[in-house]
């Protein structure tokens, strides 16, 4: 499964180079991740309420072309790797005319509310299955 | 008492007008407020641990001259009004050569961790006294 | 005319109180302002290209109820005051079930690209008329 | 040469996990980079005025331990790779008691004001030498 999120670049996200500041892309990835989880049949809010958190352990971004204010972008998100201890999401940011502007990934640990790592297959088997299903699903 | 905080404007805080984005000033006010509370003999972290929070109920900013990237600024902070139910801080942002660039205020409710308003004179008398003392102190 | 913007609160916009940080509302106002200008028949990007800028001179926010992560919000925007030298926008942020969470305003100067004030009725008569029309229009 | 930057984590930089949001580290890296360039005998503001820009082409971060509000951090920055077409900076974020919380890198293209790549050894030989010298210098 891939999720698609629509984002319009905000003025506050620009910098004095006249482009979207590079630190904004991880925020957009997060919007895409939120949408992915919702599309998989859950909400991240609900996950946290159940005691499951997803802090980052690694982030990578490649900046290919700059995005600009008012650009209407599409962010695609999918799972690249999934284990009981961690999960890796990949992202692609496209312009309106389908040019790849940016790509990246985030790797997260599954933790409890105190940010201690946990085996989520064991402690959250239903969410584990949800994630697994989302990976198998083909987008029609 | 007045506190003084030194801030250097960050690149990420600029926008495509080539100036510091207006939404950054409330963040700088918060840095100044953090320093004020520390100077008054406490930390905001400690306050929250004791169960006391300070969510905003009002914010006001006046933008006089724009700040720019790498500008070395001084933010002065003082209490303008103090009650058992709320507190109002005032801020002045000065350039290196002492031009007033921006001024503003924030009004906060005293609440518990669930964001319910409380009478802090009654529930946190020591912090109440600390604040009161900080207002009487004259800066030498 | 009133514009309506839909926003979903982002994780990055939360703070450790578990609510949306107060400095985010001016950013949302700006999203709403961008949408308003587009609805009025222009884009802010186009305005800047023509040499017209809208830096803030004043900002005010009232925080009534906190917004939270993943909340689906509606931001309404309209012009409260309009002159050849400045313009004042008003904003209302509503929750999904139509509770007013936050309201505010921004006042802007009309300036050239060097941020020098100008009389926009004189220098940009077409944009002046566009704004004027947008104020007269009733939303159906 | 290594530069050292002192940063105190801001409240606005926290998220509802109670830690500093991961998108803040690239902003801190930038603060460190600004300080590095200053220590090397220049300012980034001056570089941009001369027509030289440094947009990101790649970013990487590893999150080891979370930073929290009011934490007093040290960010070390040094050049890991330097060519006429691009430059790579490395960063290490340490807690007050010298625990490595986060490490990362940014790779930048040397470009003109229109973000077109350029050979900076050829077009900005003095800045090229400055950078080269900064790499050779040993910190005492």
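Labels for the chains are A, B, C and D, by order of writing; each one numbers its residues from 1.
The definition used in the following text is that contacts are C-beta pairs under 8 Å (C-beta built on N, C-alpha and C of every residue); 3 or more make two chains touch, one makes a residue touch a chain.
Note that this is a predicted model, so its numbers are computed, not measured.
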item	value
Pair from A-C, A-D or C-D with over half of its contact pairs in common with A-B	C-D
Which of B-D and B-C has more C-beta pairs touching across its chains	B-C
For chain C paired with chain D, centre-to-centre distance based on mean C-alpha positions, whole Å	34
Gap in Å, rounded to a whole number, between the CA centres of chain C and chain B	25
Between chain D and chain B, distance of the C-alpha-averaged centres to the nearest whole Å	28
Residues of chain A touching at least two other chains	11-12, 16-17, 19, 23, 26-27, 30, 69
Chain B contact footprint on chain C (complex, rising order)	16-17, 19, 22-24, 26-27, 30, 48, 53, 55-63, 66, 106, 115
Chain B - residues contacting chain A, complex	11-12, 14-19, 21, 23, 69
Touching residues on chain A, where the partner in the complex is chain C	8, 10-12, 26-27, 30-31, 34, 43-45, 68-70
